[in-house]
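Okay, handing you the structure first.
As written, the chains take the letters A, B, C, D, E and F, and residue 1 is the first residue of each chain.
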Amino acid sequence: MRLLLLNPNTSTEVTDLLAAAARRVVSPGTEVLAVTAHRGVPFIASRAEAAIAGEVVLEMLARHAGDVDAMIVAAFADPGLGGLRELSPVPVVGLAEAAMLTACMLGARFAIVTFSAALGPWYRECVAYHGLLDRLAAIRMLDEPFRAIGDVQHEKADRLVELACRAVEEDEADVVILAGAPLAGLAEVVKDRIPVPLIDGAAAAARQAETLAALGVRKATAGSFRRPGGKPTAGLDPALARLIEARNP
Amino acid sequence: MRLLLLNPNTSTEVTDLLAAAARRVVSPGTEVLAVTAHRGVPFIASRAEAAIAGEVVLEMLARHAGDVDAMIVAAFADPGLGGLRELSPVPVVGLAEAAMLTACMLGARFAIVTFSAALGPWYRECVAYHGLLDRLAAIRMLDEPFRAIGDVQHEKADRLVELACRAVEEDEADVVILAGAPLAGLAEVVKDRIPVPLIDGAAAAARQAETLAALGVRKATAGSFRRPGGKPTAGLDPALARLIEARNP
Amino acid sequence: MRLLLLNPNTSTEVTDLLAAAARRVVSPGTEVLAVTAHRGVPFIASRAEAAIAGEVVLEMLARHAGDVDAMIVAAFADPGLGGLRELSPVPVVGLAEAAMLTACMLGARFAIVTFSAALGPWYRECVAYHGLLDRLAAIRMLDEPFRAIGDVQHEKADRLVELACRAVEEDEADVVILAGAPLAGLAEVVKDRIPVPLIDGAAAAARQAETLAALGVRKATAGSFRRPGGKPTAGLDPALARLIEARNP
Amino acid sequence: MRLLLLNPNTSTEVTDLLAAAARRVVSPGTEVLAVTAHRGVPFIASRAEAAIAGEVVLEMLARHAGDVDAMIVAAFADPGLGGLRELSPVPVVGLAEAAMLTACMLGARFAIVTFSAALGPWYRECVAYHGLLDRLAAIRMLDEPFRAIGDVQHEKADRLVELACRAVEEDEADVVILAGAPLAGLAEVVKDRIPVPLIDGAAAAARQAETLAALGVRKATAGSFRRPGGKPTAGLDPALARLIEARNP
Amino acid sequence: MRLLLLNPNTSTEVTDLLAAAARRVVSPGTEVLAVTAHRGVPFIASRAEAAIAGEVVLEMLARHAGDVDAMIVAAFADPGLGGLRELSPVPVVGLAEAAMLTACMLGARFAIVTFSAALGPWYRECVAYHGLLDRLAAIRMLDEPFRAIGDVQHEKADRLVELACRAVEEDEADVVILAGAPLAGLAEVVKDRIPVPLIDGAAAAARQAETLAALGVRKATAGSFRRPGGKPTAGLDPALARLIEARNP
Amino acid sequence: MRLLLLNPNTSTEVTDLLAAAARRVVSPGTEVLAVTAHRGVPFIASRAEAAIAGEVVLEMLARHAGDVDAMIVAAFADPGLGGLRELSPVPVVGLAEAAMLTACMLGARFAIVTFSAALGPWYRECVAYHGLLDRLAAIRMLDEPFRAIGDVQHEKADRLVELACRAVEEDEADVVILAGAPLAGLAEVVKDRIPVPLIDGAAAAARQAETLAALGVRKATAGSFRRPGGKPTAGLDPALARLIEARNP
């Protein structure tokens, strides 16, 4: 089985972290292909940057989707997820979506812990988009600068563990999600320091993508996630233009 | 006062309809500038097309925002609205948002009536995004082809009136919204044929943009809608790149 | 255009504050008529007082509605709003409703800041009535006595600014509403001291009333906000009795 | 024990129906005093009429509350309930509230069946006010004229039974509420014709009022349902004025 | 009238507390029969223990239901309530359900105060099951060991009063529920020390069971709470087996 | 990896269907152990039967949990799931939970299609328990008798396909879940006849159990899903008694 991990951030260091976290948990024989955004910003941390990424991931789909069994959009607010799901012939999961739905199977309410104060209210919109506000115990964020996006998980590990423990004690979280692509892999390192299940978004997304492929579910040919009919475009990335213009097979 | 109407569709006919509907209702002395998307599709009708538009409207902001008092993103699912609100120095309203919030002042529950069956479930996500599902009576859609996007409002006027009347009788809608940029202006023509208040999204958005400007509210400098800090970009539209890269003044 | 502002409080000082805040923001050519409740209490601050005001505003409608284009019920919990909307031939907006719906166009969640601890849980019921609990970040109230209702906004300005700033920092409010008719006009004075958009209910309501009039929406003749059929009354204010008894024209 | 039933409608025939339904179910030794509104309309059937009733019931409280153990506001949308609960020294229940909360103990979701199409959307607001929309299966209404309010329950019995049965079959209602003061007593007559528990609002309210009295719960002296502090009034019914002006004992 | 109180805990001391609290409030002539679980744990304090109790209360129903008018399942999370309601020929109320629905008639939002930190998140699930999260102000729990379940209400009375008072001041609770079968009767003792109405679950449940019986509502013969059709069983308690196997009369 | 599938129904034919559906989708090297309830009913189809199953699955856990990596409770309403999750040292997923959360990754709203009309309202409670009502498009049920539980999926295949297609067309379901343990395996057979992704609960649960094991999440030692402290029991199944009485290691 082949999974395609789309990193909507332009940082290849983050791609490496994501791919490593994904590969650690997939089944024997499953291959994880990882591609880095060809344009955008190093680390998406606002609604505007996510809006840009929403188009970029469609371009990545158009360029790379070739012969894979499922796809992952690997940034926490799941930019472009709905559009990918319409256009892709194979299942697509988002990092946040996979993390939250997996968390739901481990307890009643989850907390989201992340490393930047700017992310909180925007992440909350993502929780709401997935209809999961009732399952959210809290979003806890660091409010301090970090040195480098590729290293933030090491620099802030102790502080994030502390936040996670407070989410358990004060917010009654049954599960904690370490959120944000740059934290991929950290859960594995610190999980023994937090007294409830800890979710790594990249790992959860890889397993969920694999699951959707393994279940053999079909592409919708009706309803609002069927492939939209082809229509003319202007000024788009050539690969994306071809994808949008193509008639529904 | 100057309002900038951003049409995320590439159809200039639709821009003309939107601008006319807006100009009909603004106060004396208010000018409506209308620009058409420089790239994209003629009429956004899917999540994927809206994801593309999400970046396009940011590019339009970067290119045109100059000296205006408020902005309108003039497609029904409000593509890119959150990102625009972060980056724009002046208030921004969405067509769907303005239509729905205005409808809320005219009754307890509104119906959304539109001309394409594909739009329903996706529009519902837009209602949910704005936290207004409790105010939604129904979404009613035509399920039949149309000839031309610029003329769909004339071709389908009778059928849309019929749907609106059924929304009042069967869904207990207190207000009806005619949704979709290509229907701009139709409400004015058919309002006497529907026994409850009828909302035109473009008109509502123009008045709401004017209202936000008139109230003189400030741009946030804290919280999640403040201008995000500048950061490096790669491969973006030059104007948008400059906007994203700029340090917060 | 003529707007009628109904102050359900008997304090003319409050009427003056409301009218001034409204007049500051309306379009050139729009006239704001303001009337003070002919009976009731100086400042409505409980459910019981609002229940009284619910009938009083209907009497005010019956006495004053004459030749106006839209109306405002100018107390924060919107007493009698639903009934006014049924009986009035022109659109009606409430102070709380207008403030909250306007706030929704400026961010994801708003805080309500007010000057009396008694008001909080009751205001929360008003937010729920409008279906906007998901958009509410917090209600923050002073818990201290004040000298005079007509001057409370000056006396407590610093303390209210402090509460508003805490709502931004601690409750992640994207927008703040200064709530309660006696605070009309204060937002204009202190808006530079609060780092997010600040909403004045009277100003928002005036602009929204103007908007509903400008949009030219019709009076419902079907559904639950149509004019109820005439019926016999006993013991009511003569003007209100005539209004209730009149057959639907 | 003495219960005071306040009929906010001016029809004494309706008072008689309400009192009879209440007396049929109270415990031995419980006395039901019933008073008819001294002003208002014969049968409240709109938000405007309920707004009037909101003040009228406070006047009734001020005039009649004397020596009773609990009170009932006996119209389906519970006019003035919040205000009564603040001012009354003894517990108060509403007809709709009691019917719905009682229904919740007999199944997962209830239907509301009533005799006038005008009542539906407004009754829905009442369900929402009590936070019970998740427990509502449907509101079903007759849409046909009736001869006399005091006799509507006999005239429409068969049609209402039919609606109730459809609510069970089509809406999956586990319980049915016959709603509207003029239907008081009908449930007892037709309950064998409907295959699920059937609730009479007046009977439910009488028993719930008795329950609150029997539990011996205290009047709040803190929080938002404590007796509001006294304040000056102008132009109110003398008894109500005295009640509002009185200092908190 | 005869009420059957089923204590799903095996502690007879708790049964005595529950029965005494119930008997204190029922009407003259109402008899309260109380039975203690024949198997299980002394005090249910987890989901697993409640799952066991879910079957045990059905066995208790099968063994004891004989000639009674209504039943009470007397543990706070209402174990087995839905199943009891299907199988029982007479109405059944749960302790938590009765306490919460009664609280709803005394204010807008209630707090739940209990004596063990383990109970909070699980109690919250019970509030959600009854669709009442919007009415919940807070759950406050002691986080300290206690000596004996039969005496915890005396040992912890002062601490629980303190928590209740904080729920009023800090959480804006209008009503407080003392939750957990071992606290039965405590409300009567401490109610003067808490400034809002205080609910005793056992007392509320007894009155509500009496109310359902007094209203004379019928057993559903349609819908999802009708008696399920008989079916073969294996390995069940003989009385329960007979009940499940019996054909619907 | 070893997964333990607990069939809470006593029908071994259903166990065989569940195990086959599970084995079809798990990764190479994953073993599925399946056990059939030692007591209960052949097919759980009511709240009462699920309450019995709630204890039975705990007994199955106590008897069989030995050396496995994750567990599945394989009946659609997930009986005993919360309790299992507390007591089990390894992750546990429910059939309904896994089906619904998996469906959420394939579209915005799912429909549940099942073969017995009795199941609908009770299944809805299960959706609510998991906080997923906003994601539910509809529950559609056959309302006709069937011959044998082990063969119902063949007998009713055409009728279920028809219901699924109507859920897509009329309810706008993006995904369909075939619900009920006796339908395990049917999705694989009919998936080409339904134009949206079709979910088999047993297959989804097997993959999700595998995923939770593969992620290596730890057992909670804090919060409400930690192993409850040991306590005395009376009259329980010996294996379950030992499990409940054991002190937390």
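Brief remarks follow.
The rule is simple: a residue touches a chain if its C-beta (ideal position, glycine included) is under 8 Å from a C-beta of that chain, and two chains touch if they have at least 3 such contacts.
Predicted model only: the values in this text are computed from it and were never measured.
Residues touching across the chain E and chain F pair largely coincide in numbering: over half of the numbers involved belong to both copies. Centre to centre, using the average C-alpha position, chain B and chain E are separated by 51 Å.
Rounded to whole angstrom, the centroid-to-centroid distance between chain C and chain E, based on C-alpha atoms, equals 43 Å. Chain A and chain B have centres, each the mean of its CA atoms, that are 28 Å apart. Across the assembly, chain B contributes residues 82, 85, 108, 120-121, 125, 128, 131, 134, 172, 174, 223-224 that each touch 2 or more other chains.
Contact between chains, using the touch rule, shows up for A-B, A-C, A-E, A-F, B-C, B-D, B-F, C-D, C-E, D-E, D-F, E-F. Of all residues in chain D, those touching chain B in their complex are 120-121, 124-125, 128, 133.
Here chain C touches chain A in the complex through residues 108-109, 134, 172, 174, going by the rule given at the top. On the chain A side of its complex with chain F, the touching residues are 25-29, 82, 85, 91, 93, 97-98, 101-102, 104-108, 130-132, 134-135, 168-169, 172-174, 188, 191-192, 195-200, 203-204, 207-208, 210-212, 214-226. Contacts from chain C toward chain D in the complex involve residues 10, 38-43, 45-52, 54-58, 79-80, 82-87, 118, 120-122, 125, 128-129, 131, 223-224, 228, 231-236, 240, 244.
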